[in-house]
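Below is one structure, written out as structure tokens; the observations come after it.
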């Protein structure tokens, strides 16, 4: 049952991902991408990471994609005419397929590390995913967390500098 | 006076500092100051000469810590022996002459020119006195820079091509040498050597394969500088384009770096490989002698002709060095000095007529003897010195080289090389004839003035030296003799390969007396004799990688 | 006196320095010429002193070495600036300084008014110094200084009229050909030095030391190699086949130069050198044979050319070559003393003839100059009948001609006859002897013919000079004729010091005198001498007569062709045009050399430069640079500016890298 | 549900970062509330702030403090690199003012952004957790995207920013995938833990997941240091970005990339050296060769220096391939000297160029040697140092890099390196040919050298020459710094 | 977790698709979306690995990646707007001023 569900979700995710790169209209690509993000959120739930699923939807589908769509609208980009460089597409696709082959072979050959942590589905259900994440984030990963604040600040300054009409 | 060597080497740099404060436009002040600096430097170097003890040891040693980082220890380690002594003196001797020759030749950018000259002097002297391989390399490279600018800025029509060619050609060789140098150091470290000091490396025993590779790298770098056939093509270009003083220095001193490199580094460091390659190098040297002579014969540009004659002369030097005996090496050393003097003088002579006529094509001249008798006389003497007429300096060197190489296994090479004696007469006399003899039919030549006092002043010391060294070379040979003998003993490590007995000679008598064969193939990493005591090691570095 | 031997070369050196440095300022020809002459004369006096002293000593004490200063001491090699005085060098210094003084004196008159008068005397003095070094050197290297020094002076003096292209060319040719010889000299020296050093640990180039060790030398083998090398040196200096072509060209120089350098002294240096090393040469029968054959061949070869030349000095030049051939023949047959003897007598009569021709030319030139004519002052076809206007010149010249033709009792007779006799009777060459002798005899015949042809064309018959200027012909001044007279006298009587034993009128002074020098050589020579050498006196007498007869035949032919029947030469030419052309053009040897050596060298040089140096070597260098630059262009255009291309490159990199590690 | 108690942490290791961030924020405020118009004072403030930070960093020399539960470490290695970053930033700040003023984009935000970049780089150098390193990298990258496109009005700058951004983000994808794989293979993101896990593996190279993770991570950093084939962005971005930022970018991020690479390869995965040195061998050769050869034909001097910067990355990769003490110390030394000489060269370019980024071709240097001798001499020194001529720092750096390779037995690599170095001489000489051996084509325009640029030039010359003559003063520290890896 | 490989392969596929998109599309925004797709693929890898390892670090990493993605989106879109202002296009083929 779960496997079937996984397969269906996977198919949806992959198809919508393919749509992202094939749709002529960027808006359509963006919508397909949102679809993929939802599929991923579904996976996260299946992987006992509900908090991640939540922020996937909120941050990605919600914030980032809105930003992108907004930009597309703002720039009012024309739908592209026909792809002129078919060889480019061909080569790109071949290379992408090579990447895929590489990665898949790699994954089949690789030995994943044995479980190192005591995290189980039960534990997550008992304590709550958010709490576990929060605990980690504010103790062990305090520094990276702080760095993100600088990162965001930089992003803000940067986008202001770059995009504001008059500085 | 313990650091008189440093003083000699860096005095020109002080001169540069002095020049910086002299305004650009006071050209004569700039010239005179430079001349004064070089003259003072010459005098200082004479104190080295007078203080030099005739023995095989390095003298005037200064040895101070310089760099010690990682596995490397480089020291400011300088000193001279009989071999480098004369080259140092030659350098300081040629410099005032070169400076004096620029008084009217260089009218533009005088200040920069003088700075280049002085920096060049430091570079050259530094290379001759370095006893630390790394230090040597630094000076070796530093020399390139001022020379590059001299050719490139004050050169002739095709100056940029020549300058860049000169620089890159030399650079390729020396960079390979750098790799070899590093490799050698690590080899030495395995055997307990503590720094880049040259003397320690002399006692290093390397296996044959290593020696061959290292020798090739060193030899390549030096061969470019010498320059040996077929790596010589930068030289005619560089010489033709360089201003007179540049050509003089290039010929008189810079080319000696290559041959000096063989004598000081490539051969004593890798004696077995040197022996192995001696026939090959001798072959190239001999080809160079004949080849350059033939090419010189058909040149149309006097300066290019002289440049090719340099190639031939240095072929002799190489042949002498690779004879591996006292006569050959002494001859080679003498020939270096001789070539410095006579080819330097030839370039000055070419410079004189170039300044007057702004052409160097042989066909533009003819019959100058009539108009310029003093010039003709001097040209004649220098020509004779260049073709090695007995009584002039050129002969002594050439003769010792030939007799030395004839004694060694390079007998047949010598026979061919000796025929270079004929060819040199052909091309030098031919050019002399075409320039100085014949009808004075070119109206432009009919108003030429003979040498003026300054030009005479330039030439007289050279002429004097031509005869002094030709008639009484004893002091020169005596001073270098112990060092040369030591060098020869260093080379004798390897068994002499006595295969080259000329077939035309009777086989009944014992041929070369080959020294008893010693085992040349030392096992790799064979421990070396402890570093000599005169090198005070301040910091002992763990030879093994600290990691 | 021996101790002062160094003064001998010193005086001319001083003369050279004075005239060279200050000659231009002095200007006064008398002073310049006086200094030059005085200096060489002082040397002559010192030489005389040495000779006197030597005569007073017993033969075994007649060798003296004087070391001036150490010159090149390096490793095993040692060469001092040192002089060797022995009977041989004593003879030579006498000849050099004696003849030299006379020629200097002569030059004062001959060179009068020439531009660069001081230069001439400076060079002449320098030459004398070099020549004296050559003969006095006690080792090969000092000899070599002189050897090259005389070559240099020869170059300078041939090129004295440097504004003439032909003079410059001739000087260069002389120097280069000499250098070819020097090449051989050096190799010979190296071989001997190396052989002694490596086999017997005797590292020397000193003549006396080599002589002392010469018993160690093997017969043949290495000695053949060394001596052949030395002989190459000798052929260069002494203008023997194949290196003789420079000497006729060398006549471009002023006539005194031809007399001194190209007749009396320098060109005989090769002979002297073989004499000096006779004890080595004799150890190689092959070399001896080569020397003899080359000598004989040169003698006859040059003689044939001499018959067809019209330039008075060229005839003399070929005659010199021919006579030098005789000297080498003498050396080659082991008659060393005879070679030296002929050297000496030749110095007298040939110098006399050159100076005489100079006197003629001087006079001709003067006359032609007066008439503003541009006829060739040296062409015999312009001369004729000069005996009347120039009696002294004629007499001395005629005497010398008789000497060279080998007419008894003039000096040339004795020396030439001795050579021919030895060629016939020597114990070394077996059956070859008769050929050597025959060649020599025919050459002698030719000699007599062309010399008398010269005399007849110049001094007899009608005067063919432009009649306008005929009256301007006159005898030369005393300063010119005095040397002529002295030399003429010597040419007449000089032969008596070497009178053959069979004549018995006088003891053979010269042979005895030179005995200590050649003793060893003769001793070695007996080792391989063939049977024979015992010839009857009657045979000797007979041959002697025969040789005179041959000379007379030559003279008679000349007389017939050029005095009696003046149309004969033209007929002869018409009959054998090819032969005449060949002889007239010196058998096309110059052209042959141009074709064989000079042009190929130049062409090869051109090829090496334009073809190899520029195209191949630089081509490779620049080719590498161009290839790199080409790659630069390619790499550059890979940088297309498009983001997806850049991304493509990155992904490609990742794929390849990952693929390599995954699938390896 | 108990409270999350934020642990007491030792702030010492990140004091400089905190100081700099604070400074940057203060600058932002000053920029907004301070006097408008002339912004030069911001440059001065940031310069002195950088100097102060440098003092702060320097004070930490010799210590070894891990903090933030293994996220960050204070060691000599990090300290050394931080100094390089500060130096690069300091010089960049000094040369920015004049340029930005001329180009009309002297916005006050520039300086805080530079400072934030430095903060990011510092985290890259001192981070011992893949997350820290990654975030440091991103802080740096995002700031650099902005800095590259800082001159909004200039199309080239714009394009440079966009290109850099797209390709940078793309490479981040690979980097992250690599980190993910590494995480999967080792179960941790902590450098030291990775090291111990990898160390315990009997045959680490057999675990392809680990190797692939490492390779992909390397890809990300190789992009930053502009190694072939991840170098394509470099010339375009360097050409388009405002020159001071190009200078900064060529020195700082490259050094940061090497810091991260060194830390990851040598600390976390030393046992995998067989694997990564193979790759680096090839890449080093490619990088040097492509960089040098392409540079031969460049006329735009910024572009030429960009290719040269690729080549220099190649030289440093030679050292990384060897990975021994000599070579790594060489890398450190080289990065430092490269900072001096490259920024120095760019400073001269700024002075020669005219408004709108014109006059930036090699030909425009014609006649400089005698019109402006001091500038020309400065440029000459920098170029010779870049070419690796003694007695400059560039030579010593190369010497140690190649020595390391030789010591490790990579002789052919060293040979290829020096041959490349010889080829590179050509294009450096070309500039000098124009400066000294050609006459100026048009009337020469005199640009005033302002005090900050002059100061930068002096520092750069001193930093190029002094370590060239007495390299020990730097090398000893570099040696110390790499010991702790 | 026996299905780990499934997740990893899906994420690999997504990653590859993202790569193809970057290589083939011309619109800068679409390219950026493809990059986002790649990042998401990585996120999936992280989370599935984190689940497998029983270890939260991977998930924390994902949070940071999301932050970075957001920051990059902000800056990137700003750059595109600036570019658009200059060129009236965000086609990467128009990013062609600098080459060779």
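First chain written, first letter: the chains are A, B, C, D and E, and each begins at residue 1.
Following the convention adopted for this analysis, a contact is a pair of C-beta atoms (placed from the backbone, for glycine too) under 8 Å apart; a residue touches a chain by one contact, two chains touch by 3 or more.
The shown structure was predicted, so the numbers you read here are calculated from the model rather than taken from an experiment.
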Where chain B and chain C overlap in contact partners, by chain label: D
By mean Cα position, the chain sitting nearest the middle: B
Result of counting contacting C-beta pairs for C-D and B-D, higher pair: B-D
Distance from the mean Cα position of chain D to that of chain A, given in whole angstrom: 30
Mean-CA-position distance for chain E and chain D (Å): 25
Between chain A and chain E, centroid-to-centroid distance (C-alpha), Å: 7
Chain C and chain E: spacing of chain centres that average the CA atoms, whole Å: 96
Junction residues of chain E, two or more chains touched: 8, 15, 18-19, 22-26, 31-32, 49-50, 52-53, 55, 57, 60, 64, 68, 71-72, 75, 79-80, 82, 92, 95-99
Numbers and ranges of chain B residues touching at least 2 other chains: none
Residues of chain A whose C-beta touches two or more other chains: 88, 91-92, 95-96, 99, 103, 106-107, 109, 112-117, 140-141, 144, 148, 151, 154-155, 158, 160-162
Chains that touch, pairwise: A-C, A-D, A-E, B-C, B-D, C-D, C-E, D-E
Touching residues on chain D, where the partner in the complex is chain C: 163, 166-167, 170-171, 174, 208, 211-212, 215-216, 219, 223, 228-230, 232-233, 235-236, 275, 279, 290, 293-298, 423, 426
Contact set on chain C toward chain D in their complex: 625, 628-629, 631-633, 635-636, 639, 641, 643, 645-647, 649-650, 652-654, 657-658, 661-662
Residues of chain C that touch chain E when the two form their complex: 636-637, 639-644, 647-648, 651
Touching residues on chain B, where the partner in the complex is chain D: 66-72, 109, 112, 137-138, 141-142, 144-145, 148-149, 152-153, 159-160, 163-164, 167-168, 171-172, 175-176, 178-179, 182-183, 185-186, 545-547
Complex interface listing, chain D residues touching chain A: 1, 4-7, 9, 14, 21, 25, 28, 67-69, 71-72, 107, 109, 112-113, 116, 119-120, 123, 129, 131-132, 135-136, 138-139, 142-143, 145-146, 149-150, 152, 161, 181, 184-188, 197, 207-210, 212
